[in-house]
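Pasting the structures in now, so scroll down.
Here come two complexes built around chain A, the first alongside chain B, the second alongside chain C.
Our next item is the complex of A and B:
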(Lines of atoms letter the chains of each structure in order from A and count residues from 1; the text may use other names and numbers.)
(Lines give C-alpha, C1' and ligand atoms only; values in the text may rest on other atoms or scores of the structure.)
Protein backbone atom coordinates (compact mmCIF):
# COMPACT_ATOMS: atom_id res chain seq x y z
CA UNK A 1 0.00 0.00 0.00
CA UNK A 2 1.43 3.33 -1.07
CA UNK A 3 1.25 6.38 1.12
CA UNK A 4 2.47 9.94 0.90
CA UNK A 5 3.30 12.23 3.79
CA UNK A 6 3.56 15.99 3.32
CA UNK A 7 5.49 17.88 5.96
CA UNK A 8 5.14 21.66 6.02
CA UNK A 9 6.36 24.35 8.33
CA UNK A 10 3.58 25.76 10.51
CA UNK A 11 2.25 29.19 9.68
CA UNK A 12 4.31 31.83 11.37
CA UNK A 13 7.48 29.74 11.36
CA UNK A 14 10.13 31.44 9.26
CA UNK A 15 10.91 29.52 6.06
CA UNK A 16 14.37 30.61 4.87
CA UNK A 17 14.40 28.12 1.98
CA UNK A 18 11.10 29.45 0.71
CA UNK A 19 12.34 33.02 1.07
CA UNK A 20 15.51 32.18 -0.86
CA UNK A 21 13.46 30.60 -3.67
CA UNK A 22 11.20 33.66 -3.80
CA UNK A 23 14.14 36.07 -4.01
CA UNK A 24 15.88 34.01 -6.67
CA UNK A 25 12.71 33.72 -8.76
CA UNK A 26 12.28 37.47 -8.72
CA UNK A 27 15.94 38.05 -9.60
CA UNK A 28 15.46 35.65 -12.55
CA UNK A 29 12.67 37.89 -13.80
CA UNK A 30 9.64 35.95 -12.53
CA UNK A 31 7.44 38.68 -11.14
CA UNK A 32 4.23 38.43 -9.19
CA UNK A 33 5.35 35.49 -7.08
CA UNK A 34 4.96 35.83 -3.37
CA UNK A 35 4.57 33.68 -0.31
CA UNK A 36 6.81 30.82 -1.39
CA UNK A 37 6.98 27.96 1.12
CA UNK A 38 9.02 24.82 0.79
CA UNK A 39 8.09 21.56 2.39
CA UNK A 40 9.06 17.97 1.96
CA UNK A 41 7.13 14.90 1.08
CA UNK A 42 7.88 11.29 1.68
CA UNK A 43 6.57 8.34 -0.31
CA UNK A 44 6.33 5.04 1.52
CA UNK A 45 5.41 1.56 0.50
CA UNK A 46 3.79 -0.33 3.36
CA UNK A 47 3.18 -4.05 3.80
CA UNK A 48 0.03 -3.17 5.79
CA UNK A 49 -3.09 -3.56 3.64
CA UNK A 50 -5.74 -2.05 5.90
CA UNK A 51 -5.99 1.70 5.17
CA UNK A 52 -7.01 2.64 8.73
CA UNK A 53 -4.14 0.70 10.28
CA UNK A 54 -1.72 2.04 7.70
CA UNK A 55 -2.77 5.60 8.56
CA UNK A 56 -2.30 4.91 12.26
CA UNK A 57 1.14 3.45 11.63
CA UNK A 58 2.20 6.42 9.50
CA UNK A 59 0.83 8.84 12.07
CA UNK A 60 3.15 7.24 14.63
CA UNK A 61 6.07 7.48 12.19
CA UNK A 62 5.38 11.17 11.67
CA UNK A 63 5.27 11.91 15.38
CA UNK A 64 8.42 9.88 16.08
CA UNK A 65 10.58 10.66 13.08
CA UNK A 66 9.25 12.28 9.97
CA UNK A 67 7.99 15.61 11.32
CA UNK A 68 9.11 17.93 14.06
CA UNK A 69 5.67 18.67 15.48
CA UNK A 70 6.90 21.74 17.34
CA UNK A 71 7.35 23.63 14.09
CA UNK A 72 5.89 21.38 11.41
CA UNK A 73 2.49 20.09 10.34
CA UNK A 74 2.01 16.86 8.46
CA UNK A 75 -0.68 15.33 6.33
CA UNK A 76 -1.06 11.72 5.27
CA UNK A 77 -2.53 10.42 2.03
CA UNK A 78 -3.14 6.74 1.48
CA UNK A 79 -3.28 5.63 -2.15
CA UNK A 80 -5.36 2.62 -3.23
CA UNK B 1 -3.54 31.89 -7.65
CA UNK B 2 -1.99 29.15 -5.59
CA UNK B 3 0.16 26.47 -7.10
CA UNK B 4 2.11 23.52 -5.82
CA UNK B 5 5.18 21.97 -7.40
CA UNK B 6 6.35 18.49 -6.47
CA UNK B 7 9.96 17.66 -7.24
CA UNK B 8 10.98 14.01 -7.06
CA UNK B 9 14.13 12.15 -7.91
CA UNK B 10 13.82 10.15 -11.13
CA UNK B 11 13.49 6.40 -10.85
CA UNK B 12 16.89 4.80 -10.73
CA UNK B 13 18.52 7.82 -9.10
CA UNK B 14 19.83 6.88 -5.67
CA UNK B 15 17.91 8.59 -2.87
CA UNK B 16 20.15 8.59 0.24
CA UNK B 17 17.63 10.62 2.27
CA UNK B 18 14.91 8.11 1.52
CA UNK B 19 17.23 5.23 2.37
CA UNK B 20 18.16 6.86 5.68
CA UNK B 21 14.49 7.33 6.56
CA UNK B 22 13.76 3.70 5.68
CA UNK B 23 16.61 2.41 7.85
CA UNK B 24 15.66 4.62 10.77
CA UNK B 25 12.00 3.59 10.58
CA UNK B 26 12.96 -0.06 10.70
CA UNK B 27 15.36 0.52 13.61
CA UNK B 28 12.48 2.29 15.43
CA UNK B 29 10.44 -0.88 15.05
CA UNK B 30 8.28 0.05 12.07
CA UNK B 31 8.37 -3.07 9.98
CA UNK B 32 7.05 -3.68 6.51
CA UNK B 33 8.13 -0.33 5.15
CA UNK B 34 10.11 -0.36 1.96
CA UNK B 35 10.89 1.86 -0.98
CA UNK B 36 10.97 5.16 0.88
CA UNK B 37 11.59 8.16 -1.34
CA UNK B 38 11.87 11.74 -0.24
CA UNK B 39 11.03 14.67 -2.45
CA UNK B 40 10.29 18.31 -1.92
CA UNK B 41 7.33 20.44 -2.68
CA UNK B 42 7.04 24.15 -3.14
CA UNK B 43 3.92 26.23 -2.63
CA UNK B 44 3.72 29.44 -4.61
CA UNK B 45 1.27 32.30 -4.71
CA UNK B 46 1.12 33.84 -8.18
CA UNK B 47 -0.30 37.17 -9.28
CA UNK B 48 -1.20 35.53 -12.63
CA UNK B 49 -4.90 34.64 -12.76
CA UNK B 50 -5.03 32.59 -15.97
CA UNK B 51 -4.39 28.91 -15.11
CA UNK B 52 -2.76 28.10 -18.47
CA UNK B 53 -0.38 31.04 -18.24
CA UNK B 54 0.37 30.29 -14.62
CA UNK B 55 1.25 26.70 -15.51
CA UNK B 56 3.54 27.90 -18.31
CA UNK B 57 5.24 30.35 -15.95
CA UNK B 58 5.78 27.68 -13.29
CA UNK B 59 7.05 25.24 -15.89
CA UNK B 60 9.73 27.80 -16.79
CA UNK B 61 10.54 28.27 -13.08
CA UNK B 62 10.97 24.53 -12.66
CA UNK B 63 13.29 24.21 -15.62
CA UNK B 64 15.36 27.23 -14.57
CA UNK B 65 15.49 26.91 -10.82
CA UNK B 66 13.21 24.58 -8.90
CA UNK B 67 14.19 21.22 -10.35
CA UNK B 68 17.38 19.69 -11.66
CA UNK B 69 15.90 18.03 -14.71
CA UNK B 70 18.92 15.77 -15.15
CA UNK B 71 17.99 13.79 -12.05
CA UNK B 72 14.59 15.12 -11.00
CA UNK B 73 11.02 15.07 -12.26
CA UNK B 74 8.51 17.73 -11.39
CA UNK B 75 4.75 18.03 -11.43
CA UNK B 76 2.64 21.16 -11.19
CA UNK B 77 -0.78 21.53 -9.59
CA UNK B 78 -2.75 24.72 -9.93
CA UNK B 79 -5.38 25.34 -7.25
CA UNK B 80 -8.40 27.48 -8.26
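Our next item is the complex of A and C:
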Protein backbone atom coordinates (compact mmCIF):
# COMPACT_ATOMS: atom_id res chain seq x y z
CA UNK A 1 0.00 0.00 0.00
CA UNK A 2 1.32 3.41 -0.97
CA UNK A 3 1.06 6.38 1.32
CA UNK A 4 2.38 9.91 1.29
CA UNK A 5 3.19 12.25 4.11
CA UNK A 6 3.43 16.02 3.83
CA UNK A 7 5.42 17.74 6.56
CA UNK A 8 4.95 21.50 6.77
CA UNK A 9 6.08 24.21 9.14
CA UNK A 10 3.40 25.35 11.57
CA UNK A 11 1.84 28.75 11.05
CA UNK A 12 3.86 31.42 12.75
CA UNK A 13 7.15 29.49 12.49
CA UNK A 14 9.60 31.54 10.46
CA UNK A 15 10.53 29.82 7.20
CA UNK A 16 13.70 31.50 5.92
CA UNK A 17 14.02 29.01 3.05
CA UNK A 18 10.47 29.73 1.89
CA UNK A 19 11.26 33.45 2.06
CA UNK A 20 14.42 32.98 -0.04
CA UNK A 21 12.45 30.99 -2.63
CA UNK A 22 9.89 33.82 -2.73
CA UNK A 23 12.62 36.43 -3.26
CA UNK A 24 14.15 34.40 -6.08
CA UNK A 25 10.76 33.92 -7.74
CA UNK A 26 10.17 37.65 -7.72
CA UNK A 27 13.68 38.32 -9.08
CA UNK A 28 12.82 35.94 -11.95
CA UNK A 29 9.82 38.12 -12.73
CA UNK A 30 7.10 36.03 -11.10
CA UNK A 31 5.15 38.85 -9.51
CA UNK A 32 2.19 38.43 -7.22
CA UNK A 33 3.59 35.62 -5.05
CA UNK A 34 2.59 36.83 -1.59
CA UNK A 35 4.07 34.08 0.49
CA UNK A 36 6.06 30.85 0.03
CA UNK A 37 6.23 28.06 2.58
CA UNK A 38 8.33 25.00 1.87
CA UNK A 39 8.06 21.55 3.39
CA UNK A 40 8.79 17.87 2.86
CA UNK A 41 7.09 15.14 0.90
CA UNK A 42 7.70 11.54 1.98
CA UNK A 43 6.52 8.49 0.05
CA UNK A 44 6.02 5.20 1.86
CA UNK A 45 5.42 1.73 0.51
CA UNK A 46 3.82 -0.37 3.23
CA UNK A 47 3.21 -4.08 3.66
CA UNK A 48 0.00 -3.30 5.57
CA UNK A 49 -3.16 -3.68 3.46
CA UNK A 50 -5.75 -2.26 5.86
CA UNK A 51 -6.00 1.53 5.33
CA UNK A 52 -7.05 2.27 8.92
CA UNK A 53 -4.15 0.28 10.34
CA UNK A 54 -1.76 1.84 7.85
CA UNK A 55 -2.86 5.32 8.90
CA UNK A 56 -2.33 4.41 12.53
CA UNK A 57 1.19 3.16 11.79
CA UNK A 58 2.10 6.24 9.77
CA UNK A 59 0.73 8.54 12.44
CA UNK A 60 3.09 6.89 14.93
CA UNK A 61 5.98 7.23 12.44
CA UNK A 62 5.24 10.94 12.07
CA UNK A 63 5.15 11.52 15.81
CA UNK A 64 8.30 9.48 16.45
CA UNK A 65 10.49 10.54 13.54
CA UNK A 66 9.09 12.04 10.36
CA UNK A 67 7.93 15.34 11.88
CA UNK A 68 9.19 17.44 14.76
CA UNK A 69 5.87 18.54 16.21
CA UNK A 70 7.51 21.48 18.00
CA UNK A 71 7.62 23.25 14.65
CA UNK A 72 5.96 21.00 12.09
CA UNK A 73 2.51 19.72 11.13
CA UNK A 74 1.97 16.60 9.08
CA UNK A 75 -0.77 15.17 6.90
CA UNK A 76 -1.16 11.61 5.69
CA UNK A 77 -2.67 10.43 2.43
CA UNK A 78 -3.27 6.79 1.66
CA UNK A 79 -3.61 5.67 -1.93
CA UNK A 80 -6.71 3.58 -2.65
CA UNK B 1 35.12 11.05 37.39
CA UNK B 2 34.46 8.94 34.32
CA UNK B 3 33.46 10.54 31.04
CA UNK B 4 32.67 9.41 27.54
CA UNK B 5 31.94 10.92 24.16
CA UNK B 6 29.19 9.43 21.97
CA UNK B 7 30.20 8.91 18.34
CA UNK B 8 27.63 8.89 15.53
CA UNK B 9 28.33 8.39 11.84
CA UNK B 10 29.64 11.83 10.72
CA UNK B 11 30.34 13.20 14.18
CA UNK B 12 33.41 15.36 13.62
CA UNK B 13 34.04 17.22 16.90
CA UNK B 14 34.19 14.03 18.93
CA UNK B 15 37.96 13.96 19.27
CA UNK B 16 38.14 17.69 20.11
CA UNK B 17 35.69 16.97 22.91
CA UNK B 18 37.74 14.01 24.07
CA UNK B 19 40.93 16.11 24.15
CA UNK B 20 39.23 18.95 26.03
CA UNK B 21 37.90 16.56 28.67
CA UNK B 22 41.16 14.63 28.98
CA UNK B 23 43.12 17.87 29.46
CA UNK B 24 40.94 18.85 32.41
CA UNK B 25 40.61 15.36 33.87
CA UNK B 26 44.10 14.07 33.35
CA UNK B 27 42.51 10.71 32.59
CA UNK B 28 41.35 8.80 29.55
CA UNK B 29 37.94 9.57 28.10
CA UNK B 30 36.14 6.73 26.30
CA UNK B 31 34.56 6.97 22.88
CA UNK B 32 31.20 5.16 22.72
CA UNK B 33 29.75 4.13 19.36
CA UNK B 34 26.09 5.00 18.86
CA UNK B 35 25.02 1.37 18.51
CA UNK B 36 26.03 0.60 22.09
CA UNK B 37 23.36 0.34 24.80
CA UNK B 38 25.17 0.80 28.08
CA UNK B 39 26.50 3.93 29.77
CA UNK B 40 26.64 2.63 33.31
CA UNK B 41 29.60 3.86 35.31
CA UNK B 42 29.90 7.22 33.54
CA UNK B 43 29.45 10.52 35.36
CA UNK B 44 29.47 12.66 32.23
CA UNK B 45 28.24 11.86 28.73
CA UNK B 46 29.20 14.29 25.96
CA UNK B 47 27.26 14.44 22.69
CA UNK B 48 29.64 16.07 20.21
CA UNK B 49 29.32 18.31 17.19
CA UNK B 50 29.29 17.23 13.59
CA UNK B 51 26.80 16.31 10.92
CA UNK B 52 25.42 13.02 12.20
CA UNK B 53 23.70 11.08 9.40
CA UNK B 54 24.43 13.94 7.02
CA UNK B 55 21.73 16.06 8.70
CA UNK B 56 19.16 13.93 6.84
CA UNK B 57 15.48 14.68 7.52
CA UNK B 58 16.33 17.24 10.26
CA UNK B 59 19.62 17.95 12.04
CA UNK B 60 20.04 15.40 14.80
CA UNK B 61 16.80 13.56 13.97
CA UNK B 62 18.37 10.20 13.12
CA UNK B 63 21.03 10.31 15.83
CA UNK B 64 18.33 11.08 18.42
CA UNK B 65 16.77 7.68 17.61
CA UNK B 66 20.06 5.76 17.80
CA UNK B 67 20.26 2.78 20.18
CA UNK B 68 22.60 4.64 22.58
CA UNK B 69 20.08 7.43 23.16
CA UNK B 70 17.91 5.32 25.47
CA UNK B 71 20.99 4.98 27.67
CA UNK B 72 21.67 8.73 27.44
CA UNK B 73 18.08 9.42 28.56
CA UNK B 74 18.37 6.95 31.44
CA UNK B 75 21.69 8.54 32.45
CA UNK B 76 20.07 11.99 32.48
CA UNK B 77 17.00 10.72 34.36
CA UNK B 78 19.33 9.37 37.04
CA UNK B 79 20.89 12.82 37.43
CA UNK B 80 23.99 12.09 35.34
CA UNK B 81 25.59 14.99 33.49
CA UNK B 82 25.02 15.36 29.74
CA UNK B 83 26.75 17.98 27.60
CA UNK B 84 25.63 18.47 23.99
CA UNK B 85 27.53 20.84 21.73
CA UNK B 86 26.37 22.00 18.29
CA UNK B 87 25.02 18.85 16.58
CA UNK B 88 24.94 17.40 20.10
CA UNK B 89 22.54 20.20 21.13
CA UNK B 90 20.38 19.43 18.09
CA UNK B 91 20.39 15.73 19.00
CA UNK B 92 19.37 16.44 22.63
CA UNK B 93 16.46 18.64 21.46
CA UNK B 94 15.33 16.02 18.92
CA UNK B 95 15.54 13.35 21.64
CA UNK B 96 13.35 15.42 23.95
CA UNK B 97 16.07 15.83 26.59
CA UNK B 98 15.96 19.59 26.05
CA UNK B 99 13.01 21.78 24.99
CA UNK B 100 12.75 23.54 21.64
CA UNK B 101 14.45 22.94 18.31
CA UNK B 102 17.35 24.34 16.28
CA UNK B 103 16.16 25.66 12.91
CA UNK B 104 17.98 26.88 9.80
CA UNK B 105 19.88 30.13 10.53
CA UNK B 106 17.67 33.14 9.83
CA UNK B 107 20.07 34.46 7.18
CA UNK B 108 20.34 30.95 5.63
CA UNK B 109 24.14 31.08 5.85
CA UNK B 110 26.54 28.63 7.42
CA UNK B 111 28.10 30.72 10.19
CA UNK B 112 31.68 29.97 11.16
CA UNK B 113 33.23 32.58 13.44
CA UNK B 114 33.99 33.51 17.02
CA UNK B 115 31.03 34.95 18.92
CA UNK B 116 30.67 36.53 22.33
CA UNK B 117 28.49 34.78 24.87
CA UNK B 118 27.00 36.22 28.02
CA UNK B 119 27.01 33.78 30.93
CA UNK B 120 23.50 33.68 32.41
CA UNK B 121 23.94 30.91 34.96
CA UNK B 122 27.08 30.32 37.00
CA UNK B 123 25.57 27.95 39.55
CA UNK B 124 25.53 24.76 37.48
CA UNK B 125 27.97 21.87 37.17
CA UNK B 126 28.82 23.17 33.68
CA UNK B 127 29.19 26.88 34.33
CA UNK B 128 30.40 27.48 37.86
CA UNK B 129 33.87 28.29 36.55
CA UNK B 130 32.35 31.49 35.18
CA UNK B 131 30.59 34.43 36.80
CA UNK B 132 27.12 35.64 35.80
CA UNK B 133 27.48 38.36 33.15
CA UNK B 134 30.95 37.15 32.15
CA UNK B 135 31.42 37.56 28.43
CA UNK B 136 33.36 34.71 26.84
CA UNK B 137 34.52 34.29 23.26
CA UNK B 138 33.73 30.93 21.68
CA UNK B 139 33.51 29.77 18.05
CA UNK B 140 30.28 28.78 16.34
CA UNK B 141 30.17 26.66 13.18
CA UNK B 142 26.64 25.76 12.14
CA UNK B 143 23.91 26.09 9.54
CA UNK B 144 21.06 25.27 11.90
CA UNK B 145 21.50 27.04 15.20
CA UNK B 146 18.40 29.18 15.23
CA UNK B 147 16.77 28.27 18.56
CA UNK B 148 12.99 28.12 18.44
CA UNK B 149 10.32 27.13 20.94
CA UNK B 150 6.63 28.00 21.15
CA UNK B 151 5.70 30.94 23.34
CA UNK B 152 4.59 28.86 26.29
CA UNK B 153 7.79 26.79 26.26
CA UNK B 154 9.96 29.86 25.83
CA UNK B 155 8.27 31.56 28.79
CA UNK B 156 8.84 28.45 30.87
CA UNK B 157 12.53 28.24 29.89
CA UNK B 158 13.03 31.89 30.79
CA UNK B 159 10.91 31.69 33.94
CA UNK B 160 12.81 28.68 35.25
CA UNK B 161 16.17 30.27 34.46
CA UNK B 162 17.12 27.53 32.02
CA UNK B 163 19.09 29.81 29.70
CA UNK B 164 22.79 29.19 30.38
CA UNK B 165 24.32 31.35 27.63
CA UNK B 166 23.06 34.14 25.38
CA UNK B 167 24.69 35.62 22.28
CA UNK B 168 25.84 39.21 22.82
CA UNK B 169 25.21 39.82 19.11
CA UNK B 170 22.67 37.25 17.86
CA UNK B 171 24.20 35.62 14.74
CA UNK B 172 21.47 33.17 13.74
CA UNK B 173 18.03 34.47 14.70
CA UNK B 174 17.69 32.44 17.92
CA UNK B 175 14.73 33.52 20.03
CA UNK B 176 15.87 35.71 22.93
CA UNK B 177 19.45 35.29 21.60
CA UNK B 178 19.58 31.86 23.26
CA UNK B 179 22.92 30.08 22.69
CA UNK B 180 22.66 27.37 25.34
CA UNK B 181 19.96 25.93 27.60
CA UNK B 182 19.69 23.61 30.56
CA UNK B 183 16.99 21.08 31.33
CA UNK B 184 14.80 21.72 34.38
CA UNK B 185 17.05 19.74 36.72
CA UNK B 186 20.18 21.49 35.43
CA UNK B 187 22.10 18.28 34.66
CA UNK B 188 21.77 18.53 30.85
CA UNK B 189 23.27 21.42 28.89
CA UNK B 190 23.00 21.99 25.16
CA UNK B 191 24.78 24.82 23.38
CA UNK B 192 25.58 25.71 19.77
CA UNK B 193 29.03 27.33 20.36
CA UNK B 194 32.05 25.07 20.79
CA UNK B 195 33.81 25.44 24.18
CA UNK B 196 35.90 22.33 23.40
CA UNK B 197 37.67 24.25 20.65
CA UNK B 198 39.07 26.83 23.04
CA UNK B 199 41.02 25.00 25.72
CA UNK B 200 44.53 25.88 24.59
CA UNK B 201 46.23 29.24 24.02
CA UNK B 202 47.77 27.80 20.87
CA UNK B 203 44.28 27.33 19.44
CA UNK B 204 43.35 30.95 20.05
CA UNK B 205 42.24 31.06 23.65
CA UNK B 206 41.06 29.21 26.73
CA UNK B 207 37.57 30.64 27.30
CA UNK B 208 36.13 27.14 27.01
CA UNK B 209 38.40 25.53 29.56
CA UNK B 210 36.56 26.68 32.72
CA UNK B 211 33.58 24.58 31.61
CA UNK B 212 35.59 21.36 31.53
CA UNK B 213 37.44 22.19 34.75
CA UNK B 214 34.08 22.87 36.43
CA UNK B 215 32.63 19.56 35.20
CA UNK B 216 35.56 17.64 36.62
CA UNK B 217 35.17 19.38 39.99
CA UNK B 218 31.41 18.77 39.98
CA UNK B 219 31.84 15.02 40.12
CA UNK B 220 35.24 14.77 41.82
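Convention: the second predicted complex is superposed on the first by the 80 of 80 C-alpha atoms of A that agree within 3 Å, B and C clash if a C-alpha of one lies under 4 Å from a C-alpha of the other, contacts with A are read in each partner's own complex, and residues count from 1 in each chain.
Note that in this section a contact is a pair of C-beta atoms (placed from the backbone, for glycine too) under 8 Å apart; a residue touches a chain by one contact, two chains touch by 3 or more.
All figures in this text were calculated on a predicted structure; none of them were measured in a lab.
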Check: Of the partners chain B and chain C, which touch A:34 in the superposed model: first, second, both, neither?
Finding: first
Check: Which of the two, chain B or chain C, is in touch with more residues of chain A?
Finding: B
Margin query: Is A:46 touching anything from chain B or chain C once the two structures are fitted on A? First, second, both or neither.
Written below: first
Note to self: Which partner chains sit in contact with A:65 here, chain B, chain C, both or neither? Use first/second/both/neither.
What the structure shows: both
Next item on the list: Could you say whether A:18 touches chain B, chain C, both of them, or neither, answering first, second, both or neither?
Entry: first
Checklist line | chain A residues contacted in one complex by chain B, in the other by chain C | finding: 40, 64-66
Check: What does chain C use to touch chain A in their complex?
Finding: 57-58, 61, 65, 94, 100-101, 103-108, 146, 148-150, 153, 173
Item checked: Complex interface listing, chain B residues touching chain A -> 6, 8, 18, 21, 24-25, 28, 30-48, 57, 60-61, 64-66
Item checked: Touching residues on chain A, where the partner in the complex is chain C -> 13-14, 16-17, 20, 40, 64-66, 68, 70-71
